[in-house]
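Notes follow once the structure below has been shown.
A, B, C and D label the chains in the order they appear, each numbered from 1.
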Amino acid sequence: MPKSNLDISRLKERYHTMLRIRAFEEFAIKAADEKLVLGAIHPSIGQEACAVGVCAALRQDDFLLSTHRGHGHTLAKGADALAMMRELFGREGGICGGKGGSMHIADFSVGMLGANGVVAANINIAAGAAHAAKLLGQDKIAVCIFGDGAINRGPFLEGLNWASAFNLPVLFICEDNQWASTTRSKDVTGGDDPVKRANSLGIKGESVDGNDVMAVEEVTTRMVTEIRAGAGPRLLHAKTYRLLGHTSVDKAAYRPDGEADGKWAECPISRTKDLLIRAGVSESEISKLKADAAAEMNAAFEEAKVSPWPAISDAYSDVQDIGSIKPMDT
Amino acid sequence: MPKSNLDISRLKERYHTMLRIRAFEEFAIKAADEKLVLGAIHPSIGQEACAVGVCAALRQDDFLLSTHRGHGHTLAKGADALAMMRELFGREGGICGGKGGSMHIADFSVGMLGANGVVAANINIAAGAAHAAKLLGQDKIAVCIFGDGAINRGPFLEGLNWASAFNLPVLFICEDNQWASTTRSKDVTGGDDPVKRANSLGIKGESVDGNDVMAVEEVTTRMVTEIRAGAGPRLLHAKTYRLLGHTSVDKAAYRPDGEADGKWAECPISRTKDLLIRAGVSESEISKLKADAAAEMNAAFEEAKVSPWPAISDAYSDVQDIGSIKPMDT
Amino acid sequence: MPTITYREAGKLAVQEAMQADPSVWCLGEDLGRGGVFGQYAGLETEFGDDRICSTPISEAAIMGAAVGAAMAGTRPIVEMRFADFALCAIDELVNQAAKARYMFGGQVKVPITVREPMGMWRSSAAQHSQSLEAWYTHIPGLVVVAPSTPADNYGLLSTSIKSDDPVVYMEHKNLWDVSGDVTLGQTLPLGKAHIAKHGGDVSVVTWSAQVHTALEAAEILATEGIEIEVIDLRSLWPWDEDTVAKSLAKTGRLVVCHEAVGVSGFGAEILATISERYFGLLKRPPIRVTAPRIPISYAPNLENEVKVTAKDISNAIRQMD
Amino acid sequence: MPTITYREAGKLAVQEAMQADPSVWCLGEDLGRGGVFGQYAGLETEFGDDRICSTPISEAAIMGAAVGAAMAGTRPIVEMRFADFALCAIDELVNQAAKARYMFGGQVKVPITVREPMGMWRSSAAQHSQSLEAWYTHIPGLVVVAPSTPADNYGLLSTSIKSDDPVVYMEHKNLWDVSGDVTLGQTLPLGKAHIAKHGGDVSVVTWSAQVHTALEAAEILATEGIEIEVIDLRSLWPWDEDTVAKSLAKTGRLVVCHEAVGVSGFGAEILATISERYFGLLKRPPIRVTAPRIPISYAPNLENEVKVTAKDISNAIRQMD
């Protein structure tokens, strides 16, 4: 197969995964509107390229750690959409048994060590997972994705310095969607960018167009190769844009009028579609990919909707082995 | 008065203050050996130039925040030696009423907002003091001194980013004595130096020979002028060396043989003495300065020794206004 | 006497304090847009972004800077967004704010009011739902407040901001929309409980959102002829031992209910103090109705399992006699 | 049965665990030089600096990295140096370590042992002396251990390291030099109290260094004909309610003493539980002998004011009857 064909088939795959993420989140938003999803959800619409490009460069046994905005990362790492949807609905068969919800999505079977409800907390946890891999002589690496807001919390410094000092196999990815909740990150962030911060801690890094899925995959692949070879930690700064509000119910009215409008055209899914069209892929094939993704997520939605609630006894399980308690007899 | 005379008289003053710090700490060490000082003390012997050079550039109403190794900073800012010695002895009339001890020395009357027993904790507190000065429209600045070990804790990032984002009048000073307890800092510290870290957070900084008291004073004066003019925060990296162990009882046996030996000659007091001699100051004048410093601290030592213990009721005072408790009736 | 929400009552207290004293200011994430629960809405317009300070996501710096700014002559109101995130700033609160005045021998006070919205609310799961008020009561130097109504939120927050002590001020996320009458200017002392309902049979001590749950239980029980007295502590440190003891002298029966985990929750302190000092008043063993020692789940039925309901309270009370 | 110190006993437990299981490792500041109290002395030579990992001063990273490393298949022993500094890593301990297994629906366990040397020791003042064990008992997911003797330190630390739960393991700084017999291989279960002295008159429940103080009080009281039973809980979560209840069935009198602040200390939980469940056994009001709610001073006479002494305990017990 000539290279260009290979690239196109790869691009189609990436496109399809991005479509699956988009569809998953669209159904999740619908579910939140219908009160099927109960806790807050943070859609990553417009940011799918980072999830897909990064995970394409990883092995399944590599570790991935994510954020409150982690549906895309988790799906791209290989988690099951139905189990995820059930989790969002708080149902039995949810990926965390319905106990975690959207902000605590995790799938250890595919190396996905969790979203986190605490901004930046996963940075140190990722450094530790990489530390363990090194101690155990494994050639796994750990990848930690966090937002532009997270780089102002202490764990960013402590975790990056740690990884640098111990030369750990970890890739830090700042998925910079320019907003942290209702705050424009650059208004409260000193210095030029996260790459400079990483450099100052002895970590090499670079920036990439985070809406270009192939560019993300390429730079990640290169960094992962270096890291796996023992070169130590790296930081990737993926620039993207949060097309919707902070949560599914946030209308982002604080955003200057029109700011988001122009960005939809630059969204990674539109851009990839254009590439595919230009490469000769037919509209009908593209429609088929879309329909396929939508069908998968629709099925997950419908199935999650009719899934039973967890057993009440689950509330008492997996607390701890020593000193765990039984359901109250009241 | 011609400039050179002025400089010599200034140098003599700085030399005298350094001698006072040295003498204070020598008596404090003696007191610790004699169990008159009870908690741990962290001598700054060999680091006096940073304390003196920095404080010479400050106004009394500027804020200074320090570390567990803060005797020198506190004296240089203008605190009373006897009140400090009493504090180390845990006596009535101690600068904190005997309730704080060496690690919590503070003298708010001269703008010295405290040592701190928690490494790096004062970085955020200093940013906050500067924030208040700015809000209140005062032209005070806040200066925060911390060690080379402190730059690996989260507050370093959070406090510097904060100061940068709000353009606060604060000067951060990393007093780099190369050791953090028994650890050589560079073994656990990623990147080149604290200046790079500051730069990456949007803060200008520079390094200085921290054993050259006039160099420290000069660069601090320049930075303070800029900061007071509204230019925002700065970081100064003062390179020095911890001549003794971490505490007064630590023999620093973990240090490579001879490492410290060569450093005594580079100690700021020896260096300043050489300068004075070369400038024509007589040995006898120098001896008089030394004797004066020793006499002051000897008197403080003797006086502290016979000072009474605090009243037991002090244990219950200054806890809080609302919800404070009375001495137990048992 | 306007009827306003708990949210608005808190805002009003802040607004009046800021109008009266230029050294009062607020710092926390997203405050310029009104804060994550809208409890600062509009204040930036009135006071500017210096005094309604929208910060980076840096809890340790938010709390630490507030400590420094308090030492330097201002009165910061610290917004922690969710009580759970205050765990990112515990050194600053417990080792610094609470101890500075004491360690420095009274040279300085640290007048900060730390708002920590707490409690379960809309399936927020284990990291966004905790009630850790008991922790703060264990720390010398801290005042701990947990208001249950709009009037109390107004009155207690006003007093807290004026106090020279560091106050941990815990609003309950589930109460933001609750409405009630608030009398302007009517501040409340800290350490004085409120008897939310009088009754002679059982003394039920509680605070925050559980006050409403206890009042529901009171209605159920009243239909059965059991009259409980519902004591809203309002502040947990100091707490109003006298009012509890007086009620107990009447009822002889003590029930403490709270949303937090029972083990080492503040209910333990109340039961312990009462058992030590008022043992003779207890006609029956005192009891706690509290959350089991398990984290809070996302799934609503599992989350409910942790909740103390009116049914739980009334069941427990029925079993007392 | 060698006679060794509490410090050496802890080290022995770590050493044997590391010999037996290559996935056990230690991380903390200055560990290569033996740790700040010498409790790791020589271990770097035996195990290398990968497994005796000397870290930067980054408590949040120490704890957070341990959480990640535990998830990734190792068993970290986390050294916090002073319990007070763990306050710089509370999010990592409480929001992450304690909850991960639960939030992720049992997909992972977090087998970390967090050593937090606690308590008053040589005028260390307010930021280096705290005993916050009660806090951890309030947090679902955590096990809490506080050994009082070399044998217990060996036996309990060995068990803690093997446990799959996050354990907060609190050695007392004032006990490092205490010597005692230790039987190699003799591990101890968590949740089983030890009756340090039998007696029929009063049940004194305590743990950590206070066990020795209570034993001193026992001697004083014995000369007056009062025989107290000293119960060393050893672990606070789980805690051995049965042993306490059995003792109480005999004595009818309960005293809890601990070094921590009384208000919301773990003594409160014990008194509350006993009052709730064993009210009928109480012949007298139960009491606590604990620290007043004030920070710890530097001056030795003020520091002493906070200490619970044998005299305090014996006085309190004498007043019981």
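We adopt the following convention: a residue touches a chain if its C-beta (ideal position, glycine included) is under 8 Å from a C-beta of that chain, and two chains touch if they have at least 3 such contacts.
Quantities reported herein were computed from a predicted structural model and do not represent experimental measurements.
Participant: Give the label of the chain whose average Cα location is farthest from that of chain C.
Facilitator: Greatest centre separation from chain C goes to chain B.
Participant: Return the chain pair with more inter-chain C-beta contacts, choosing between B-C and A-C.
Facilitator: B-C
Participant: Could you state the distance in Å from the CA-based centre of chain B to that of chain C?
Facilitator: About 40 Å, centre to centre.
Participant: Can you check how far apart chain C and chain D are, centre to centre, with Cα atoms defining each centre and the answer in Å?
Facilitator: Centres of chain C and chain D (C-alpha means) sit 30 Å apart.
Participant: Between chain B and chain D, what's the gap in Å when you average each chain's C-alpha atoms?
Facilitator: Each chain reduced to its C-alpha mean, chain B and chain D end up 36 Å apart.
Participant: Could you tell me which residues belong to chain A and also touch two or more other chains?
Facilitator: 94, 96, 98-100, 104, 116-118, 152-155, 158, 161, 165, 187-189, 319 - these are the residues of chain A that touch more than one other chain.
Participant: Quick one: which residues in chain D touch 2 or more of the other chains?
Facilitator: Where chain D meets two or more other chains at a single residue, that happens at 55-56, 58, 60, 84-85, 88, 91, 95, 102-103, 125-127, 140-141, 237, 293-295, 297.
Participant: Which category does the touching pattern between chains fall into here: line, ring, star, complete, or other?
Facilitator: Basically all the chains touch each other, so complete.
Participant: Write out the stretch or stretches of chain B touching chain C in their complex.
Facilitator: Residues in contact with chain C: 63, 65, 94-100, 104, 106-109, 113-114, 116-118, 121, 123-133, 135-136, 142, 154-155, 158-159, 161-162, 165-166, 317-323.
Participant: Where on chain C is chain D touching in the complex?
Facilitator: Residues 84-85, 87-88, 90-91, 94-95, 98-99, 102-103, 125-127, 132, 134-135, 137-141, 237, 260-261, 263-273, 275-277, 279-280, 282, 284-288, 293-295, 297 of chain C touch chain D in their complex.
Participant: Can you check the complex and tell me which residues of chain C touch chain A?
Facilitator: Contacts found on chain C: 29-30, 32-33, 36, 54-60, 84-85, 88, 122-128, 292-295, 297-302, 305-306, 312, 315-316.
Participant: In their complex, what parts of chain B are in touch with chain D?
Facilitator: The contact residues of chain B facing chain D are 38-40, 87, 90-91, 94, 96, 98-101, 103-104, 116-120, 149-150, 152-154, 180-183, 187-189, 254, 309-310, 312, 314-316, 319, 325, 327-328, 330.
Participant: Which part of chain B faces chain A closely enough to touch in the complex?
Facilitator: Residues 152-158, 160-161, 163-165, 187-192, 196-197, 199-203.
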